[in-house]
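Read through the structures below before going on.
Note that chain A is present in both complexes that follow, paired respectively with chain B and with chain C.
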Partner chain A sequence: MTEPYVLMPFRFGPLPSGRMLLVNEAGEFLILEPRDFTRLLDYELTPGSSLFLDLKAKHFLTDTQVAPVVNLLATKYRTKKGFLKNFTGLHIVVVTLRCNQRCHYCHASSQDMYDTRWDMSVKTARNVVDKIMSSPCPSIKIEFQGGDALLNFEVVKTIVREAKRLNQKAKKDLSFVVCTNLTLLTPEILAYLKREGITISTSLDGPREIHDRHRVLRTGGGSYDLFLKNLALARQVLGHDQVNPLATLTRDSLPYLTDIIDEYVRLQFRGIFLRNINLYGYARSERYQESFRYPISEFVKAYKKALLYIIELNLKGVPLTEDFATILLSRILTPFSTGFMDLQSPTGAGIAGVVYDFNGDVYPCDEARMLAKMGDRRFYMGNVNRDSYLDIFTSPVMQEIVNKSCVEILPGCHSCPLQMYCGADPIRNYAMQGDLVGFRPTSDFCEKHKAILEFLLELLADNHPEVMDVFWAWITNRSLAEVRGICR
Partner chain B sequence: MREAFGRPLGLKVPVMGVVTTRLPWRSRGKPLVYVVDRPEALKSLPFRLWSRRVLAALLTGPEMTETLFDGIPAVADLSPAELAELRDGDVVLIHPNGRVIVAYQTGSPHNCLFVTYRCNCLCVMCPQPPADDPEDLWEQNVRLLALLDPQEVTCLAITGGEPTLLGDRLVELVRLCRQQLPKATITLLTNARKLKNLEFAKALFKAGYPNLFLEVPLFGATDTEHDEVMGARGSFWDTIQALHHLALLGQPVGLRTVLHALTVPRLLPYAEFIYRNLPFVIQVAFMGMETMGLAEKNLDRLWLDPYDYREILAEAVRYLHRRLVPPLIYNHPLCVLTPEVRPFARNTITTWKQLYLPICETCGQRGECGGVFGTGVKVSAHLKPLPPS
Partner chain C sequence: MTKTIHRDAERLVFQISKELYEKEAVFAAVYALSGECKNRIEPGPDESHVTVTLEPLTPLSEAELLHLEHRFLSGITDQQLRLDLERRFGPLRQLIVEHAFAPLAHLKEAVKKTIGRD
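Right after this comes the complex of A and B.
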């Protein structure tokens, strides 16, 4: 060996600030001045210098042993990919397509309130449970979706009862979530949810003017007032934190992001997930393009501003998390695996989560189900009434999805320094670009994640103690006071 | 008192026994060492026939009537103050030359089995450099274990030297501890190098489960830094490999580092390394240096006033606490720490080594503070009284 040290595998690229980002196979990063980066590559660093030891401690180089470093990196890589170990944990069951609302951007292709053809049958429900409980995953979450899941509540009850019965033997960590717009909630339903330990996932787009703009009842009129009334009721019965909302950000609501955040704070929600609108289902219709569609760069700009606003709120004593940043920060800052179905490599679709349509058809994710609804059954994995568990989860389409969603080998991703923090979405690639592998330079998905990850990395590089306290409060799910060590 | 000297009377071999200040009517079979602190105490001696049979020795104050000793081996002329420190249940080792060593102190959290003087490293700040073992060290420890009260002992450390050099005998000792002291947490202080042998690690884990806890020194984020402090090339990777074995087995492990000029400048990278590579450790202890032994010899190279590194220490503590890896501060008086990390400080200096300076007299937090090492040659120049907390 003529060089004074050996470089270990890592990926690199410049950040917007011009500094060089280095990330190794285990997701550890270091941000260097370009000058230092050149010296690293030219073998000009002095062994024993502070920079040299920083790089060595994070396994970007070694001047002593190589084999134990590789072993350590392998252990850490396995830990990071831990989400693959257990296979499918999230099982989304579409119990009906019927809905009492007709939201303008509905992804879920909701159907008329009284047309029971769109309900899941009890027989299909039993077969769904049978497939779910066949999963090797020790922790199973069953999420009821619609339409509005409350409109076929008998089937919800059947699935809960059957799953719990089978679980007496399977002994898995079993949990249930019901997705509902809340407007059809009754005290009887709430009592049942309470008794069975089921939580609620719902939708809130912001204050009344924003919420009611697109979330409208089929009978006409907005749903905001009914939502608020039933939210209070649900919290009273189930407990404050058992109801969690998602916001859909449309073009006409994006400029009012701080108002939306303030509304979440006002209603004392624990967190908010800022995500861009998915252009599937009705959201694709010509009529609303003006009010929905925005260039992804516009979303990123609004997101950054909103994130800084939320950090500031936290420092003022308002404990609100931003859940997307929390996931990405966990990926960047912790050595652990993070379960987030939408951003994994290989993709979480089918592996982390799966969707059972009302008729028993199985799809790797909701987007694949929408595509089928729009006439393209490209990602159909099988049907619970006809196919076995193994047939469904080892179907050719499932194998193809995995094959084409490993960022390690995807063109454009393979050398990206953000690879360890990112993931692939072959279904979206197919829907947007007509191909599972996709083309990164024109991909909204890539543009969004790259910009947000880089933004977070620059914030981390600044290493402002107050901001770091907020980030760690989010990651470790503690209050600011606890993170700072004041509360003990 | 950790040890004292008196005038030996009739001692031919070393004697180990349980201290008692009153002679019981009946004996429980363990050899007793009777503390005679006043002349009247000798009067009951002829009437306690059952406990007489297990009476191994007497420890007496000055000016006792030796004819009343009745032929029982004794160490006489110990000071009343020394005798007053002995409690029922303490275990003492008495040498024929009149040396009395307190091998176990009832109620103290600092008791340990000292199992070897040998070591496979030579740390630059070692307070007690390696040496050869006396022949009867093993037997003494086994005997000590047998004399302890299983209901009373809640913690016991196994230390050295490097205990793992005992090999299978360490496994045996740990098993013995667990069996004889079911209520005790057994803390093994080891550099863990030998535990890179998975079979050895497994045997140790099985012998000690669930009472065994390991505290392992790690001094840096790279072999360059760690091996230099340990004085042994290769020790870093041995220890890292061992730690991963132990994590795989589910063996609870804590880490410790000693703060001095070789470790302090890169304390934050050290904390970062722990979080990214060893996030399973259940605590990380930042320890003040005891300035004796090699630390005294290498003082010029090693000494940093704790007051001068208080910000760096606080940053490393904050870093780990944010990440749910519990940090602890050992061997530091509270007044040299920044206020926000004082809750992480623990009173860790062994009672007989503990020292409070005259300036500590007026301190309002003396009760919570562990003081400084009475055994060292150097203490911080910035000790000051604190207001009550």
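Right after this comes the complex of A and C.
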């Protein structure tokens, strides 16, 4: 007997609530009660029922011609994988390792602020720009990192000048971000950033006692007061939204997430990115292991609580996005490709972004550079002063990490229903587990993303109108009032 | 027949029917628990069964053991279902990915050839 409908490809798995999650190749999802899932598979659904129509609308089944559905799903799949088409758009340039701070968890293993051996030279800077502008990507973002990038500001200026000069012919969408702890900002530097249209990325771990616990000046003492003073100055010159911070969460900050969030609100930031600490560089030193090395389940538990708190704030009229959730929700709820280097398949490292060290060495991501700094040059791609663009970006390292970072074929990922929203990080796998493919059952990366994605999906399944309004406000970068259609 | 043949604080032993569960399903279910248990997959007492032993890395309470048993048994069922479904719509998945990056000139015919209907 002919089946009444054709099942289209999807992946499935149970959520913690017991409901069954179904996700198809386009990233569209449905959450079913287990009995409905069984009825779907046994071809027992009644055509025309609301469940049947939901499944049909999202292409989990079809009772009409199959080819148009395949065509539609192929188009959506291509859109979701759009990040592959553009190749490398984010170019991180480490202009110096010198820093005036000595943060206890510094990933970059910063160096003494007067030791100029750690500065990028003008010659290397020019070769970096040459490689960057050879990228086929139509949209290029150059991010200056350190140390503190402001300590080698002449090289920053050289790169900006050269990139803009080359872009007169290349005509790419070119933008610049400078990463700084803000403490070295001067009116002159700000005037230059304003003139050249450069935004600032910075770090804020929370209120003074939390921020100063690990973000300390080399001369002694915390950096919070200087940060606040220069934040005001930077906003005055560049504009309020041109300075955006990241928070690094150690174990001792987890009980104070609401205080940290309140601090972001008090300082009128539009968003917060709650991220756990990466165990690279100084973060691996013995002294603060109690603070830095903690089970990822502790972070996930605190993150969930914090996310609900942020949603509540939004509903009380305090607009604040949680940026990690926003990225994941965009993947779940929109058909678009979302570039997020840390969570792509194949990996974003080298494809979406790349890092140029102060001496011209090229690495697929910051973590690979940090590994090299710790003595392991496993992911070295080449050097801008010696190698061509093609040599660097088609290096055996790149081929290997792409080959081993497609979730479609990784053990533990290949049948995971979260696959379309998730990604692989072969460099982290190597750093934490000693091999590029990694071992999902004990992977912090997997545990964190699985738990947070499932939490978000359960919230979506609950379909609470107010929570959904907040999520859509985040995804579409609009106010809650706009989303609700009540503003003029 | 698939059943639990032994359960104590140190190990769970299952006899898995090879008729019901394929090797890939058993391996995938065991892999999923390999962060928590030391696992063994061995030939069963006869040709139609395989024996799986799970030894928790840390001692478990009776309730936790029951939960582990449940997770393994539902795990192999899920994994086998995935294999069964892949047989039903796996070729369509291939077609979608192929068509996404190198559009097929005769998609309708390709669908018919793949699943036997249009």
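As a working rule, the second predicted complex is superposed on the first by the 486 of 488 C-alpha atoms of A that agree within 3 Å, B and C clash if a C-alpha of one lies under 4 Å from a C-alpha of the other, contacts with A are read in each partner's own complex, and residues count from 1 in each chain.
Simple rule for what comes next: a residue touches a chain if its C-beta (ideal position, glycine included) is under 8 Å from a C-beta of that chain, and two chains touch if they have at least 3 such contacts.
Computed from a prediction, not measured in an experiment: that's the story for all the values here.
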item	value
Partner chain in contact with A:V216 - chain B first, chain C second, else both or neither	neither
Which of chain B and chain C A:Q65 touches, first, second, both or neither	both
First, second, both or neither for A:L41, with chain B first and chain C second	second
Partner chain(s) touched by A:G13 [first = chain B, second = chain C, both, neither]	second
Touching partner for A:I296 - first (chain B), second (chain C), both, neither	neither
Which superposed partner A:T75 touches (first chain B, second chain C, both, neither)	both
First (chain B), second (chain C), both or neither touched by A:L228	neither
Which superposed partner A:S415 touches (first chain B, second chain C, both, neither)	second
Residues of chain A at both interfaces, chain B in one complex, chain C in the other	65, 71, 75
Touch list for chain A against partner chain B, complex	26, 28, 47-48, 50, 53-54, 56-58, 63-65, 68, 71-72, 75-76, 334-336, 465, 468-469, 472, 476, 483-486, 488
Residues on chain B engaged by chain A in the complex (per definition of touch)	221-225, 237, 240-241, 244, 266, 269, 272-273, 275-277, 279, 317-318, 321-324, 340-341, 343-344
Footprint of chain C on chain A - complex, ascending	2, 6-14, 25, 41, 65-67, 70-71, 73-75, 77-78, 81, 411-412, 415, 439-442
Touching residues (chain side chain C, partner chain A) in the complex	28, 31-36, 74, 78-79, 81-82, 85, 88-90, 92-93, 95-97, 99-101, 103, 107-108, 110-111, 115, 117-118
